[in-house]
Each structure stands twice: as C-alpha cells, then as structure tokens.
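For clarity, chains are labelled A, B and C in written order, and residue numbers in each chain start from 1.
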Amino acid sequence: MAEIGQSPLRASTPIGIGAKAAIAAEKRELKTRWLLVSPAMVIIGLAGVLPLSIILFYSFMSPGPYAGVSFEPTLRAWVFLILEEDLFEETLGLNYAHISIFSRSIGLALGTTVLTLIVGFPTAYFIATRPLRQRNFWLFMISLPFWSNLLVRTFAIMMFIREQGFVNHVLLYLGVIDKPLSIMFTPTAVWIGLVYAYLPLMVMPLYASMEKLDFRLIEAAYDLYASRWKVLQKVIIPLVKPGIVAGSILVFIPSIGAYVTPKLLGGGKSLMLGNLISNQFGTSRDWPLGSALALFLMAMVMIALIVYVRNESGKSAHG
Amino acid sequence: MAELLLTRGRRSFDVRYLPGFTPLAAFCLVALYLPLILVIFFSFNAERSITVFSHFGLNWYEEAAQNTFVQNATWLSLKLAFFATLVATTCATMAGLATTRRKPFPGQSVVYGVINQPLMIPEIVTAVALLAFFGAIKQATNVYGFGYLLLAHIVFCIPFAYMPIRARLQDMDLTMEQAAADLYASPWKVFRRVTLPMMIPGIIAGAMLSFVISFDDVIISMLVAGPGETTLPVWMIGQLRRGLTPQINAVSTVLLVITFFVVWMVFVMTTRKR
Amino acid sequence: MSRYFDFPDFPADQSSAHVSVPRNELTLICLLAITDCYKKQVKAARPNSACHRNRRINVGDGVAIEARDVSKIFGTSTDQEVWALDHVSVSIAQNEFFTLLGPSGCGKTTLLRLIAGFEHPTDGAILLEGEDISALPPFQRPVNTVFQNYALFPHMTVAQNIGFGLEMQGRPKDEVADTVGAMLSLVKMENLKDRRVDQISGGQQQRVALARALAPRPKVLLLDEPLSALDLKLRKEMQLELKRLQHETGITFIFVTHDQEEALTMSDRVAVMRDGEIHQIGSPQDIYNRPNNRFVADFIGESNFLEVQLLSRNGSTAKVRFANGTELDATLPSTDVTSGSITVIVRPEHARLTADRSAGHLQGVVNDAVYFGTDTHYYLTLDGGEEFVIRQQNQRGDRGKISSGTQVGVTINEDSIQVLAN
C-alpha cells in the first residue's frame, strides 16, 4: 500500500463510467436531501430565528408611546436592565426590583436543580437496578407526568400545598403543626412547583447514564474494602457524572425561564424573569426593555448550554 | 441438608443496594402522582369544594361540557393541534430522511442546529419574539387570522416530531434498503415498500408528541393569540387566577386522560420489539 | 497434483487510473425517487432469465463476471485515502462456485459490493457477460445478494420476502406465486411461508434469504459471509445445502468468507486477497498445495517455512539445498524465482518422522509431542536450527508418542516441497 498519500489515480484523466455514475448520483442525492430539509428549515428560520433578530433590533430602540417601539436608536433598554432613573433627582441608580428578580430567578433555578438532583438520583438508581423488563415501565411512570399539561400539574400542586390543601390537612391531622402552613404565593411555593414540574427531566438523563453502569466495577470496589458510602462517592457518582450534568442543565434551563409556575404559585411578590419579560410586553408596554430582558435570559441559557456541550465533547475525547 | 438451609436463610450481599435509595424513589413516585390523583378525585365531587369531598357526582363534567367557552376553546385547541401536527410531522419526516441513513452532508450540523433551535430557547423568549415579529407583520400587511398562531405552533412542534422519527430511522438497518434495491426496487419503490413501512412507528410517535405539545401549550398561545383565539390552556390559566372550582378539575382530568393515553401509545410504539 | 479447472489467471495490471469517488452506498436512494428518473430504466434492465433456466452449464462455457483492473478508493482527501481495492482483475466463469477469501479489511466485501452495485469503482470496470455494468444502480443489475445479516424485511412474511424481487420486476401475480412456491420447496420452507421473519430461527432466516435472492433467477448470486451468524453444526449443514442449491440452479455463486475451511470445502476456485489485492487464484488444491507466496501459505493451513539454496532448475521443478546440506527436489511456482537463497514450505502432514538419519533426510531433535486424538503434532528443531512441525496420523497400536529429546530423521513426501515466489 505504498500508494497511500500519493494518489496516482487522480492525476490521470480517464474516469470510468462507474465513477462518473457515482458522482452524478451523489450530486442528485445532495440536491434531494437539501430539498427535503428545506420546509423545516424555512419554517423554523422564518418563525424561529428571524423573530430573535427582530427583538435584538428592538432592544436598541426607544419604547413607543402606547406599545411597540419608535425607531430611535438608543442603549436605554440595556442600561435599564439593571439601572433605573430616579424621577425626582434625574440620576441613575441600581434597579433593585430587577436585581432581586434576577437573583430570585437564578436562586430558584439553582435550588430546583439541587432538589431535583437529590430526589432524582436515588429514583434513577432505583430504576436502573430493576430487572430489565421492569425498567421501561418505571421510566414510563416517571416521564408520564412530564407530558401532561403544565397547567394541570401546576394546578395539582396548588391544590396540594395551599392553606386548605392536602399537605396541611395531613400535617394538622398528624399533629405536626397546629396551624396551617401558608406557603402559597411565596418563593418556596414556586420552588416546590418547579421541582414538581421538572423532576422527570432530571431522572431521565440520570437513568440513561446509570443504565450503562457496569456493576462489576461496584463489586470490585466492595472487594477492595470500600464502604457503601465510599462506593457511591468514589465509583457511582464519578461514573454517572455526564448524566448529572445533563440532567442539571435540562432542569436549569426551563426553570430559569419559567413563566407559568411563578405566575400561578408565586403571586406578585415572587416574580421571575419570565414574568418580568411578559410584563414589559403587557402592562408596562416597554418592548425594548422586554426584548433586552429576553435576550439577557437567552444569554444565560446559552451559557448553561455551552457548559453542557463542553462537558459532552470532553467526554467523547476521553472515550 | 442443614448447611443448605442455613445458606438459604442468610441473605446474600447485594452490590446494587444503597441505603435509603428505595424509600426516596418511592417518595418521588408518590409525590409525582398524588397531586394528580387528588385533581382527578375532586373532579367527581358533587359540591362546589375542592377541599372537602361530600359525595360522588358528575355534575362538574356536565357543566364543563355545556360551557360555551370550554367548547370553543377545546375546538380551537383541537384544530390548532391537528394542523400543527400535520405540517410539523410532514416537515420532520422529510428532514429525518435527509439527515439520516447516509453520511452527513456538508452543512448538516447547521440543519440540526436550526431544527432544534426552538428547544434550546426558553419558551417565553420565543413567545415575546413572535409577538413582536407578528405585530410588525400585522402592522405592515394588515393581515390577521388563525395562521399566525398555527405557524407559531408548527415551529415548536417540528423538533418534537423530529426526535422520534430520527431515532427510528437511525435504528433501522441500512441493509434493508440495499436488499430492496438489490431485488430490483427502484428508489421510489424502496421508499414506499421498505423505508416508509418500517419508519411508520417513528412517524406516529412524532405526530403524537407534537399533538400533545401543541395541545398543552400555554405561553406562546397566550402571547401570540389574536382576539377571540382562546385555546383550552389559555382559558384554564384565566380560570385558575380567578378562583378554583371543580370544573377545572373536570377539564384537567379529561386533559390528563387524553395525554396519558397518547403518551402510552407512543411508549408502546417506540419500545416495541422490531 | 490435480487441477480441476484450468483457468488463466489475470495478473494485476498497474496501468490506468483516476479520481476517487467515495460512495458509501445505500442510502436514501429513496430520496432520489422524487426526481423519479430511474423508473423507466428498471424494465429495460430486467434479467433475461430464460436462457439460464434449468440448464446445467459446464464451467468454462463463458465468463459470467469480470472485474477488469478495478480500484476502489475510500475517503476524499489525499491523506485519508484508503485503497480498498488496488487494480484487481478477476474473471469468474458461468456456473462457478467462486470464493473470495481473506482476512477482514482485505477488500473482499468491497469487491462484492462493486459487483452488486452498492459501490461504484473508482477506476476499472465490472463486466457482466461481457457488458460493462459499472454505471448501473443495483436495481438494474441481474445480480442478487444474500446479506451477512440476511436483511429480511421485518414487515413482510416469508413468502412476501421471497416474492419481493419478482414483484419489483413486475412479473404477473400467478408467476410470482408459482416461483415463490418453487423456491419455498427448494429451501424446504413450505410450511412456514406465512410466518413473519422474526418468528423463525436463524437457520430458517438464512434459507429465506437464499430463496429471496434466488427467486428472480439472477445471473450471479453474491453471498456475503452468509454462514457467519450460524452455529457450527448449522454451518456445516448449510455448506452442503449451498453446494446443492448451486448445483440445482446452475447459477454462478460468488461467496465471500474469511473462513479458509469453508472456502476450501465449497469452492470450485478461490481467490485469496489481502490489502486490496488478489494474491492467488486457483482451485482449493492449488491454493493449498501450491501457494504462490508466504501470505497465502500462512493464511491457509499450517506451514513450515525453510530457507534453502536454489541449485538448479528443470522446468517446474528445482533442486534445492537445505541448511544441513541435504539436497531435495522442489516445485517451482508459476511466477519467477530468483536464484540463490529462497524460501520453501512443507505442510506438517506431508512429512514423517523416521529413525533413518541418513543422507537424503532432514535431521532434528524432538522438542515436544502433543497428542490430538486423530493425530500427534511433533515440534522439532532441525539440525540447521529451524523450527519444524510434523503432523502424524495416529494408528491403533502405536507404541505411544516419541519422547522429547529423541534424535530423528524427517522424510518429506514426494512433490511436497513448494518454492515460494519472492
């Protein structure tokens, strides 16, 4: 195989009819494939990608008198992301309302990620250690609520935790508390609602990596005097780390952009970024600020995704 | 014999066991389902209370069924989900065929990125972007109507339809089509007689998922919908902020049953042995 | 020496050349359908089956398939190029059972796929009965394939699978039904015709795959390691079955395998391949007894390789001198051999131990003797220092193994020393 790398065939001119046919077929095929992806590309390009550039454009404009924008370029919306104008002194100061909403959004998203991980990890492990035939059933049971309507699920958790709800009834009956807990319309309620809504998103990728877990490695660890806690800490968690990262990203992204859950469970004092954005397009009628906020949210999600992709590619480089 | 009994009585060391994990998993499952079961339970309450169950009655279902708002919203949601599914599944099937079963073509990663774009962006961002975009178009063209909402739904349904279709195509044995071509089937016949019949479960799964996703959507529908375009979830969110009556339980129960049925069908179809 | 069939070999000609087209075949060919340009051509390309039917053609009647100076390069850029086939020429006769044998990655499957039309040659031509078919897509070639994993359509019954090719050719319904019936009885599967293909065993799937590929009566049947998924007993059965089917149908079979035993037992001729080149083509006896070079000798069976001096040559035989000075006759290969130091091979079963350590024998000492039931293997060190293995059949009443350390002579059967080409 001395020819490798020098390619004597390329130099000479005559091309076999077989090769010609192959070239023609390949060209035809490439055209057909582009034709086949074009409807999806056009639709998503038109109504998925293009609108994002519109709001990018709007974020550099001034707000219109009633709604919409007036086309006077300004950086106002981006400045007002974290600052606000003092009406009387005409100076700029930090916008504490926005900052508290940002920190609440990030805090709740992180809190949701942590809690779903704590509950989801044992659940995924439980499913992965079931006999093969049962696993699909358990996985189905976990994913089923996720596909049901988010509103219905939020309503269900409302009924569950409100003052006259199930939890309070049970706790009062058991005598754990003597007056009902009022968690509705607090960040805690939003936290519980988000965990409830996105728990399946944590369990599924965790399960996917635990399913591949080689239990002979765990046997080997026990054989080498590891305790149960050490096995979990030194063997299982490192091996399923890709699943932990994937699950965390999958939970973090929808949590930080949540809209329905904080709207219904949080009330006026527990707004999150999603509600702030929609308010700018609704009652506040400040489209440029709303656009800037939306892009700010998108940027945070992109950062999370980049972390995830880094993790993925690092994994494949090792494998 | 005595020895045998002894060893049988002793429990062997289970390497898979970790203390506390099984109770936590059980808690997780109970916590997932108990609130939903409560919703269903109180939908059968004859009285106007979602706190105390007095006695069994179907009156809230009757009331919901006779409510013209519910009727109109349900009809709109069904229409929207049907057409969005139809278009999204067609697009996704074509895209699936083009992006699998051959080595990737130049630019295929861009195609992946675009198709999955609606999944990577928070829904609220997509919603306000579409609101701004459609607002500009409406202002410029003076064209209003159902089409905007439909287009918005198609966009986020495509990736959901695409995922199972692509998975199915990737699972399918490439030699099947080679065998058909070897047996004198022209490319069109290979597609019609072999590829299409074999990918049907993927297409059905994709269509069902996109139907469920479209039917359940709240945020985008709420922001993009024109006047009078109230889908069922949009009607529900309005009701939830007003006050809770078992009528919502009844509607929720119907939605739950439909969703569970559809997802179960998808599950059966995608996990069935080939 | 016995040559069953006398065929000219086609030495690889390293002349013409050209551009590489990677074509990882099969496909979304279906997608091309939208342009629908192939449809009309299908009918034109229907194989003319009548001339074959029920006629037992003697090998040598004519050439069925010819690969003429075929090269196949995978990979697009120059530094990633892989030459799967490197100027291969081979001619396969009508009604021949021809085997492509070689280790994995040798190019045997690529050659098969070029004949089937799943790949197109980068250079050279594939000729079917003298006609260049290199540019035809697979569905226009009267050539059928039995795939390694059978590739039975899971959404069709056994009978529907077998009838698929005929149906695609647009044959009338009753003819399809008749042929399917005949095929079912040919492979003894009549009672399972309405089963789904996932409800039958691996061996039965194998038969269905065979019947499906034979039903349209192709001019050539290609078999891509079809027995590799079967267990040993079934494999032996299917080897006989394949021979029977080839005999009954009179169709040219091209069989790809990496199993030397399968190749030797079933084939009329074998082509031994490595690194995209054919090293030797010949009958199984030829390949085994008269290997051209070291690779063929090593890949097929066991061999003792000995360095000797070429003394003189006389036609196809030569006088050679071994390291200990013994002079014996050896057979020369068809290709040229330089004089001086050359390599010869001796198969372990073509030599015997003897107590006679006189001149005309090789001499050595037994290092080890391993008993195998039917025979005993003796591991020797010859006086010249080379390792040598002898396989000797056991007889009832043998006095037991010759123990290690025994000084012995070695008698080599007449006509059993083969000179290798350099």
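Just so we're on the same page, contacts are C-beta pairs under 8 Å (C-beta built on N, C-alpha and C of every residue); 3 or more make two chains touch, one makes a residue touch a chain.
This structure is a prediction, so every number in the text was calculated from the model and none was measured.
With centres computed as the average of Cα coordinates, no chain lies farther from chain A than C. By the count of C-beta pairs in contact, the leading chain pair is A-B.
Computed from the mean C-alpha positions, the centre of chain B lies at a distance of 53 Å from the centre of chain C. Rounded to a whole number, the gap between the C-alpha centres of chain A and chain C is 56 angstrom.
Once the centre of each chain is set as its mean CA position, chain A and chain B turn out to be 17 Å apart. Shown for chain A are the residues that touch two or more other chains, namely 29, 32-33, 36. Among the residues of chain B, those touching two or more other chains are numbered 97-98, 102. Looking at chain C, one finds that residues 27-29, 31-32, 34, 137 touch two or more other chains.
Remark: chain A residues 1, 3-23, 25-26, 28-29, 32-33, 35-36 touch chain C in the complex. Residues of chain B that touch chain C in their complex: 97-98, 101-103, 173-191, 193-195, 197-198, 273-274. By the touch criterion stated above, chain C contacts chain A in their complex at residues 16-21, 23, 27-29, 31-32, 34-35, 37, 71, 73, 78-79, 81-83, 86, 114, 119-126, 132, 134-137, 275-276. Residue ranges of chain A in contact with chain B, taken from their complex: 29-30, 32-34, 36-37, 39-41, 43-52, 54-55, 58, 68, 119-120, 122-123, 125-127, 129, 136, 140-145, 147-160, 164-166, 196, 199-200, 203, 215, 218-219, 222, 228, 231-232, 236, 253-254, 256-257, 259-260, 263-264, 273-274, 277-278, 281, 287, 290-291, 294-295, 297-298, 301-302, 305. Those residues of chain B that touch chain A in the shared complex are 13, 15-22, 24-25, 27-29, 31-36, 38-39, 42, 50-51, 87, 90-92, 94-95, 97-99, 102, 105, 111, 114-115, 117-118, 120-133, 135-136, 139, 151-152, 154-155, 158, 162, 209, 212, 215-216, 218-219, 223, 233, 236-237, 240-241, 244, 248, 252, 255-256, 259-260, 262-264, 267, 271.
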